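So, here come the structures, one by one.
Both complexes shown next keep chain A, but they swap its partner, so chain B is in the first and chain C is in the second.
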Partner chain A sequence: MRRVLDPVLQIVPTVLVVSLIAFLLTSLLPGDAALSRLGLDATQEQLDTMREQMGLNDPVPVRYLYWLGRAVTGDLGNSLRSGEPVAEVLARRIPVTLELAVFGTGLALLIGVPLGILAAVRRDSWIDVATNLFALSGMAIPFFWLGLLLIMFFSLHLQWLPPSGYVPFFENPVRNLHLMALPSLTIAVAFAATLMRQTRASMLEVLNADYIRTAHAKGTPPIRVILHHALRNALIPIITVLGLQMGTLLGGAIVTETVFGLPGLGRMMVDGIYKRDFPIVQGALITIVVAIVVTNLLTDLCYRFVNPRIR
Partner chain B sequence: MTETMFQASVRMPVRAARTSLLSRVLASWQGRIGGGIVTFFTLMAVFAPWITPHSPTEVDFMSVMVVPTLEHPFGTDEVGRDILSRVILGARTSLLVVVAATLISSVAGAAIGLVAGWVGGWVDTLVMRVMDAMLAFPLIVLALAIIAVLGPSLTNAIIAIGIVKIPHFARLMRGEVLTLRTLDYIKAVETMGLGLPRILLRHVLPNAAGPVLVYMSIAASLALMTEASLSFLGLGIQPPTPSWGGMVSVGMQNWHFWWMSFYPGLAIFITVLAFNLLGDAIRDAMDRRLS
Partner chain C sequence: MNSMMAMATDNRAVPLTDGPATSSPLLGVEDLGIAFGATKVVEGLRFSVDPGRTLAIVGESGSGKSITSLAVMGLLGSSASVSGRALFRRRDGEVVDLLRLSPGRSRALRGDEIAMVFQEPMTALNPVLRIGDQLVEVLRNHGRPTRGAARARALEMLRTVGIPDPESRLHAYPHELSGGMRQRVMIAMALMLEPGLLIADEPTTALDVTIQAQILLLLRRLQKSLGMALVFITHDLGIVGQIADDVAVMYSGRVVEAGPARAVLATPNHPYTRGLLGSAPQVDASGTPLPLKPIPGIVPSPVFPPAGCRFHPRCGEAKAGLCDRTEPVLEPTGSARGVSCLRWKEIAS
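Moving on to the complex of A and B:
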């Protein structure tokens, strides 16, 4: 029980500090929230009443505690522009980014792990050199530029896939997958590069172990030795990288959503900044960071269960 | 005769051990390629105003969105400006952001790590909690949040990118300081009763600086990428100042004219790649020297 409880309790202070940073950043936003709610023709009296109502006259620590209390119950305030509850906007935006993240991670695993195994098994061959070049490029290519290149090639040149737009999965699954293919590939490449490097490194470590030589000596088929004996033990660092890279993945999703016109969390945050709509920025910010902290926690738990040697 | 031979054979390893970090970095292909491109990029940025083939700001409505030719090797943009010239001048903007932001994060991060690691106790716990929380944000997300407060501009992009990398340097420095504290010569200067600033600046800092310097190359590549992403989103460098990310963003609105976004994007890709290669080479060279 302690094995599960300890890491869970450990993230509580992190989440609190994260929420404090998010609150402070957005409560420092220049511009008067009451003024932007009422418009420029509001009288001084109306403004004063609104400020009082919105609690803008309270000291910052009090405002933080009120805000935190409401946030815990799922009330993140209303958009300053449309008046819509931030929670409702989030409910619409989260599935888009979630789908992008899941497809991106899946593709990255499909590309990165096999290439990493191949590079480790055929060490110093041309495959190793080629995959290393792929990894170096994958980590240096800007998400937005890769996305554009993919659009130019697959949408404009070959005309296979639509360049941008979004349709919810449950409305039209085929169209949804068509539209998500290029964005998923865009965020998958950098992730695949990191996974590939990690897979190669941990496979190389395991492949030199005695029990692998024993397995070979027993006459076990090489494929079985690699996949069954070696990969299983090499998986633990790979899982760790998978969890730790969630931040990079979501950061990439923000930029990628802009390239492909996807209405996700990243677009929500960027549009919120343009429109100076701070509850929207706050909502998107908190959601992204809490998602990352929770993913790290799940990775940590996974790690503890996959590897019984760790207590 | 025998004596000189003996001396020579003794001197050899001594000289080998003294080989400078630079020559070790340049011994690897990563170091040569990465270092070469970074040098090229720096020279291009410094001499930009004198080497652009055309004026990077001159509008020419007679040659709008021209396909790359000998006259305009990278083509022209939506108001007829030469893209090659703008890419060259864009290097200047990028270099400024990279150098300034990396200086902010390394100096502030090292100072925070130095104090937190040395003082320890609740100060250390509190400071590192805040650093850990900052690390939970993806770079671009925290940078965007800071830009949301400060507003988009060149200076604010530098400040935002500088701030988001502080925790990485702070953690690195703190780790070094914790190791150093246990060493005898640091204990000795403490016993000698030297003043705290003197101990930290004269004895601890120089011995902890190595890993921080190595990390600066990686930090530079991340700073470049973050600046490009911010400018691409329209929240970094503001037009008319040319920035690679901003140029890709304009090109995206005209994606049938591929050269408008292709060349600035290629410039970002190659420069980030070069900083990464150089970082790898420096890390390996330091590792070998330590072992």
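Moving on to the complex of A and C:
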């Protein structure tokens, strides 16, 4: 139980520090929230009243504690623009990004790990060269460019998939999957490339290990040696990379959501910044960071699961 | 029978055992060559192992013992080119050349009829799999045991190799066991299907002295009780007398002396064998340790082997104009012994 509890408790300070940074970032950003709420023709008097109402005149530590106290009870404030509670906006936005992240990660694993295994087992063959080429281009190509290329090819040229829009999965699953295919592929490619290279590297290392020779010596079928004996060990560093890449993945999600017009967390944050809607930006930022911290926690637990030596 | 006769008439061939002449060897390695690219690491290697007997292969580090055993197991990677023959007699009597088996047939023999124990118990077991699963896997690789039968056999083998509290060890991971215990697990794993031949490549080298003695005793006991043939590889001629019936001394990828262990240890014919005896810990009649006399120099690199006898640069008996010109071959010296030295007769007298 402690094994699970300790890492969970360890994330509390991380989240606190990040919440402070998120709060400071947005409250120190240039631009006047009261002004952006009331518009340019507001009088000085109206602005002062609004600032007082919004608590903008309180000292920063007081504002932070107020904000934090409400945040932990789920009250992240209201949008300065629409007045809608941030929590409700989040409830609408999170499923979009979550779906994108899950599909993106799933696709990346499905592409990256098998290709990495193949490249390691057929080292220096044309497969190795081809997958390495894929990995290099996959990591070099920016998300927005890849997204646009995919739209051009699959939507405009082949007309197989819609270029943008969003329908919730439970409303129309088929339409949802159609719409999510290209965005998921967009964020999956770079991730798959990284996973592929890590898989190849750790498989190559593991395949040289003494216990692989032992596995062969006892007559284990080659496929089983690769998938059972080698991969189980190679997974340990792969899982580490998986966790480390979550930040990149969510960063990619922000760009990808913008390219494909998906109403997710990334778009929420970008729109919030343009509109100086600080509670919205804070809410999105905190959610993204908590997501990263939680996936790192899950990674850590997974790591403990596959590696009996640190249990 | 046939191969024994053939070997006796071939003047390079030496039957390495003094066992009954009717038993043909379980494993007969003939003219084995192993090369990595242009570098010939093993050449013209020849030895045989009779059923139920122990052959020790002795030689300093780098003399080619490990790659020889890997070649016999069919575990050398594709970077090595292997020539010669390694005739193995299967349980059903069929004789196969281990060097020319298809990958599938080679795999079917490994772990079932031929098994191997390695030098490094700390790294030879898979760190993320439970001991029990690693043991049971041998049975799965060669058949379809029921879960209960497989577990029972694993338990039985852990008991046989002297592991305390075997039930709980089944669920342990390798890192929870000491080096000596891991080597016992390796032995248990190798013997799951009672192979006719066990190759143990320096199984005690990585262990400390008291554990070494225990493992040695265990191997000896199991070899006798299972009636299997054992190829025991070591760099320590001092151990050979404790375990082996026969011995083949290897130097720089060749056998330089071979024969019944007791005879070779008592009257070594080759200067290298004498050198190894001098460098192994020895005691005199009263039990006081004799001073060690290590052989000067090192095993030559197979990339630039010396001309003539490969041992001559380190040999106290080497004669200029002879030993650095002519390469000796393994020749019979009587009573199932052989030596590969141009001057062995002069040295002996």
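We adopt the following convention: the second predicted complex is superposed on the first by the 289 of 311 C-alpha atoms of A that agree within 3 Å, B and C clash if a C-alpha of one lies under 4 Å from a C-alpha of the other, contacts with A are read in each partner's own complex, and residues count from 1 in each chain.
Throughout what follows, contacts are C-beta pairs under 8 Å (C-beta built on N, C-alpha and C of every residue); 3 or more make two chains touch, one makes a residue touch a chain.
Just so it is clear, the structure is predicted and the values come from calculations on it, not from any experiment.
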Side-by-side fit of chain B and chain C on chain A, or clash: fit
A:221 touches, of chain B and chain C: first, second, both or neither? second
First (chain B), second (chain C), both or neither touched by A:137: first
Partner chain in contact with A:172 - chain B first, chain C second, else both or neither: neither
Which superposed partner A:82 touches (first chain B, second chain C, both, neither): neither
Touched partner set for A:151, first chain B, second chain C, both or neither: first
Dominant contact partner of chain A by residue count, chain C or chain B: B
C-alpha centroid angle, chain C to chain B via chain A, nearest 10°: 80
Contacts of A:232 with chain B and chain C, given as first, second, both or neither: second
Minimum distance between Cα atoms of chain B and chain C in the superposition (Å): 20
Interface residues, chain B side, partner chain A - complex: 129-130, 132-134, 136-141, 144-149, 151, 221, 225, 228-229, 232-235, 245, 248-249, 251-252, 255-256, 258, 261-262, 265-266, 268-269, 272-273, 276-277
Interface residues, chain A side, partner chain C - complex: 209-211, 213-222, 229, 232-233, 236, 306-309
Interfacial residue positions of chain A with respect to chain B in the complex: 13-14, 17-18, 20-22, 25-26, 28-30, 136-137, 139-145, 148-149, 151-152, 156, 163, 247-248, 250-251, 254-255, 258-259, 269-270, 272-274, 278, 281, 285, 288-289, 292-293, 296
Residues of chain C that touch chain A when the two form their complex: 73, 75, 103, 107-112, 115-116, 118, 120, 123-129, 137-138, 141-142, 173, 175, 186, 189-190
